[in-house]
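The letters A, B, C and D name the chains in turn, as written, and every chain counts its residues from 1.
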Amino acid sequence: MLRLAVLGCGRIGRMHAANIAGHPRTVLAGVTDVHRPSANEVASAHGVTAFEDADAVFASPDVDAVLIATVTETHADYIEAAVRAGKAVLCEKPIDLSLARVNACAERLKGTNAFIQLGFNRRFDPGHRAAWQAARDGAIGDLHQVIITSRDPGMPPRSYYESAGGLFRDMVIHDFDLARFMLGEEPEEVFAIGGRLIDPALMDELEDFDTSMVVMRTASGKQCHINTSRTAVYGYDQRVELMGTTGMVVSGNRKPHEMHHYAEPHTERAAPYLNFFIERYREAFDAEIGAFVNAVEQGIAPSPGFEDGRKALVLAEAAYKSAAEGRFVRVSEVS
Amino acid sequence: MLRLAVLGCGRIGRMHAANIAGHPRTVLAGVTDVHRPSANEVASAHGVTAFEDADAVFASPDVDAVLIATVTETHADYIEAAVRAGKAVLCEKPIDLSLARVNACAERLKGTNAFIQLGFNRRFDPGHRAAWQAARDGAIGDLHQVIITSRDPGMPPRSYYESAGGLFRDMVIHDFDLARFMLGEEPEEVFAIGGRLIDPALMDELEDFDTSMVVMRTASGKQCHINTSRTAVYGYDQRVELMGTTGMVVSGNRKPHEMHHYAEPHTERAAPYLNFFIERYREAFDAEIGAFVNAVEQGIAPSPGFEDGRKALVLAEAAYKSAAEGRFVRVSEVS
Amino acid sequence: MLRLAVLGCGRIGRMHAANIAGHPRTVLAGVTDVHRPSANEVASAHGVTAFEDADAVFASPDVDAVLIATVTETHADYIEAAVRAGKAVLCEKPIDLSLARVNACAERLKGTNAFIQLGFNRRFDPGHRAAWQAARDGAIGDLHQVIITSRDPGMPPRSYYESAGGLFRDMVIHDFDLARFMLGEEPEEVFAIGGRLIDPALMDELEDFDTSMVVMRTASGKQCHINTSRTAVYGYDQRVELMGTTGMVVSGNRKPHEMHHYAEPHTERAAPYLNFFIERYREAFDAEIGAFVNAVEQGIAPSPGFEDGRKALVLAEAAYKSAAEGRFVRVSEVS
Amino acid sequence: MLRLAVLGCGRIGRMHAANIAGHPRTVLAGVTDVHRPSANEVASAHGVTAFEDADAVFASPDVDAVLIATVTETHADYIEAAVRAGKAVLCEKPIDLSLARVNACAERLKGTNAFIQLGFNRRFDPGHRAAWQAARDGAIGDLHQVIITSRDPGMPPRSYYESAGGLFRDMVIHDFDLARFMLGEEPEEVFAIGGRLIDPALMDELEDFDTSMVVMRTASGKQCHINTSRTAVYGYDQRVELMGTTGMVVSGNRKPHEMHHYAEPHTERAAPYLNFFIERYREAFDAEIGAFVNAVEQGIAPSPGFEDGRKALVLAEAAYKSAAEGRFVRVSEVS
């Protein structure tokens, strides 16, 4: 049983704490949060320790590993501290909004025994994973095109935007990682457009986008498209399509149930899609924990790892550059 | 090119006339109808002869075969006359509403060179046919259960009811034929209930049913269920399910297109099903003509044939008896 | 927090223990099993008490309610003992295989403060529930037909058959309950056929059936069909269809994910259905616990309750009688 | 009844001839082809005149309109000749592979009474049309994104490539038109990549692409993605997705029937998609004729018209320029 402590008791930290508590191969070794009442609440719900702060967690001999679910600007510091303390790390994305900070972190981790898994949960979704596995098993021949649809069910609150880092770094970063995972090779060129279609006034003010389309190409010529929107009123829209020489696999959306309604003006009407990531990726978050335990116990490299987190951020930077300059940007220009 | 004349220029006769005119292996050799203006109209639309009456058709040396689409009570007489005239026959179901009349007709046809195909179009539907073929090809192992859903989109006019012969003889007879086709062996026992749920007053007056459920069993123990309704507001509901030891095949409904709508309260909302038989079974009616030409040209027995028409009617009679007596009725009791 | 103890640590008892432990509104108050090592194993996995025996559970002041998941022949005794001890009861189906024993139990419970919920989990499945709710909300008008498809993924071991009570009492009893729930009124007549198609030799020896079809009718004329099989090789097949005057709702099957494969000979190929009830009805088992807590806390009658368990068994008895006599059996003949 | 003659008796010309012959509002007024035996064969199949050549058609008083289905390099000349002869024109796409030639043709048509409909059949597909209509009717709010998937079932023969004009001018041109139709406003910028993934040697030799991705943006910021491939082994893959503020509509693929297979390793396995355009767009080709007749009879502007053909070609030119230069190309740069 791996003893995992959770740093950060916000929405996603709470979810992880519950998952760890319920997982057959992990023990929730405690939680912490800069907002003490939150930590106390989560700790008492699970009957575990509310650590004073992150340092107390790192110092504890009863903690084997930490799951970092704090605000983004603390991730890199906590990663470094955890590694110094000899704790395995499962860190929510992104490592940092600044590529320079991420690169500095990478530099400092060199030569250490750092064990870092990144929280790109979508790789563990049963449907996405089955698509990836089928492609690996030859079910579609040579992969030619990857198409990812990624739409959040609704606009986040303004406060979220102010610290999230922008559409490509915050939201599409998941899809950049998924694209790399599915492509099986690195995108070399990125084209992107960002739109201000849902809330133009807010987007203008924040200099952010709410809608985007991306095209990427790898060295061998594989093509990838990502389309994103902050507002899919019909639910969280998460699709992956892999097209190859001998077939196609598609990982589609999930509904809360399979009840369909038929009446005078329609057939097959179903419920909205699962909303939001906690519901949609329930199995994925759980499998992510399982993969982390596996890697720790077997002493194998965690996957996705730190470098995957860095590379997804590089693609986000390339996307911003492309959106600004209206051209195919080589990834090597920004990395 | 087979020269086919059409007897009867009502809704289904007109459809057959157009199909025959457009079919690459048939020539529309003329039409007739007791209501002369109807015959004239259809004839002129296709630039063919409007025969004076059925006798004129039978007498014509320019007619190889006849498609009988007149009112039910004329079917048996026309079959007999056509056979006497040496014409091949494609006759709309049912042969007659009276089993005694059908048996008498069968008696008279004995020893003749009668070539009679019955218009059980559903056997030729691409989906139902593919299900049947898959089962024959071993895709489901040994067949155990057949489930047929058969619901008309809406109540026919009262005038229709008065001559149609009742739910089991008129509507479910298609499903009795389909059940025999799919089962690959004869039902030996029939249980049926009939309900008066949609228009109880009318059904009471006509002593008819608008809703029914049937269970049948073959000698080897295969089970079959048919459920029917006169009113499916979401369109013509026509499904066949074959369940076996190693798999299942399902032939589902058809929509006019695959446009689906997604919005705040729903996903996957589609158009109503094709409504009605002329649209839903378009390919089936066409394939029926093709099978008829094939059989005539190759001198093989038409299928479904006269005896299939008779046996479906026997099952309808058994269903009535069962609905009246509340018990499993042996088919041998009524045939 | 309701303190719930679990009697019986077999497959389903373990599942319930884990659900209760993870449920936000319940505490697992301990477990017991006649096979002590099983109880100890489950108790230690959850860090709770392994009670000596059921009597110890009933005597404990730290137990508010019991979930009975022991072998069937103990259910009625435990229900009676739990009620005497003032514990609320959530009992797995069936109450007993003998209707006489169930009726005797009902007699003894008269005048007591018995609080008994029956484990008909399917009523709580999100899809089935949404269908029921839609029908109640008027989405299909007047209900005319209920069609239930219920097929287990594979034959249970012989040892299971020997004590399970036969197809109608053991397996179809779930569907009888679901039928009552969906119909919203009592079936008055039952017709059933049972087949020995999957393993005829074993079924002959055990005088049991492996395949069945049922038709039922209520006083107002509503029709219900249930078809069952012990072997659906494509996964646990659990469908409910409600047909009414202004629409239809269908609760369909669930897959582990929505990955579909397209290749030269096919499109839309998906994974097998969730197999088996623990996976398929995961949310239902959880919601069942929630409904139980609700009823206890609010002091309302549990639903489904003891009488629902009794009535489902009556329908099973009627089905056996019908299968033996080949006729529509009135429920009043057996109850 | 509009008297329509067909120029060109190749695959698509034959299809049009049959459609015109069977259409209730048109008469096939004759056919012609530079290869006389082809013309004779089609003419005799329909019992119509085989004209000596196109001039004879234009000269005939018995011809109201012509459908041009000859090789591409003749289209512009025939359009001009037909307009001079006062015939209405329904012309297969493209008008010409050379934008200069198209512009010259446009110049010559100025001031004439030219009535020209372009054969962009996909606008008339029931599913695509229903998506377009739903968007127009407000079912998705403001349109933000259009995603078009367009994959041919297999590589055409080499001879086809040599005269077809290349992937963007020949195949994607349909999607450029569909994008304009769906967007409801003009794309202003085009980004495109072309790949040589299916048959790299042939594509290198022909300097053509077999796989592509396109992104376009309109003045108001609407985004459009098109992905194409010459080889979808699972059938002709034709999808359109419209995403807006209050919903999404998707027009999906069509199968020959709805038979699905369920077995040990899979569920829901369906037949390959309809292959190829004659089957998939059967209803569309028919509706195209109907729209043409409507426009002629009502004296309204045909849609899609000549300018739609020109604009789709402009987008193809922009795509080539973008693929060569790796940047967002403004449509005004090429038109």
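The working rule: a residue touches a chain if its C-beta (ideal position, glycine included) is under 8 Å from a C-beta of that chain, and two chains touch if they have at least 3 such contacts.
Given the structure is predicted, the values throughout are model-derived calculations rather than measurements.
Engineer: Let me check something: if the centre of a chain is the mean of its CA atoms, which chain is farthest from subunit C?
Structural biologist: Centre of mass proxy via C-alpha means gives D as farthest from subunit C.
Engineer: Once you count every C-beta pair in contact for both, which comes out on top, A-B or A-C?
Structural biologist: Of the two interfaces, A-B and A-C, more C-beta pairs touch across A-C.
Engineer: Can you check how far apart subunit A and subunit C are, centre to centre, with Cα atoms defining each centre and the answer in Å?
Structural biologist: Inter-chain centre distance comes to 39 Å.
Engineer: Measuring from the mean C-alpha position of subunit A to the mean C-alpha position of subunit B, what distance in angstrom results?
Structural biologist: 57
Engineer: Which positions in subunit B touch two or more other chains at once?
Structural biologist: Residue numbers touching two or more other chains: 232-234, 246-248, 253, 260, 262-264, 271.
Engineer: Which residues of subunit A touch subunit C once you look at their complex with the stated criterion?
Structural biologist: Going through subunit A, the ones touching subunit C are 22, 125-131, 134, 139-140, 246-254, 256-264, 271.
Engineer: In the complex formed with subunit A, which residues of subunit D make contact?
Structural biologist: That would be residues 142, 144-145, 147, 149, 151, 189, 191, 193, 195-198, 211-213, 215, 217, 221-223, 225, 227, 229, 231-234, 237, 243, 245-248, 326-328 of subunit D.
Engineer: Per the contact definition, I'd like the list of subunit B residues that touch subunit A in the complex.
Structural biologist: Subunit B reaches subunit A through residues 232-235, 253, 255, 260, 262-273.
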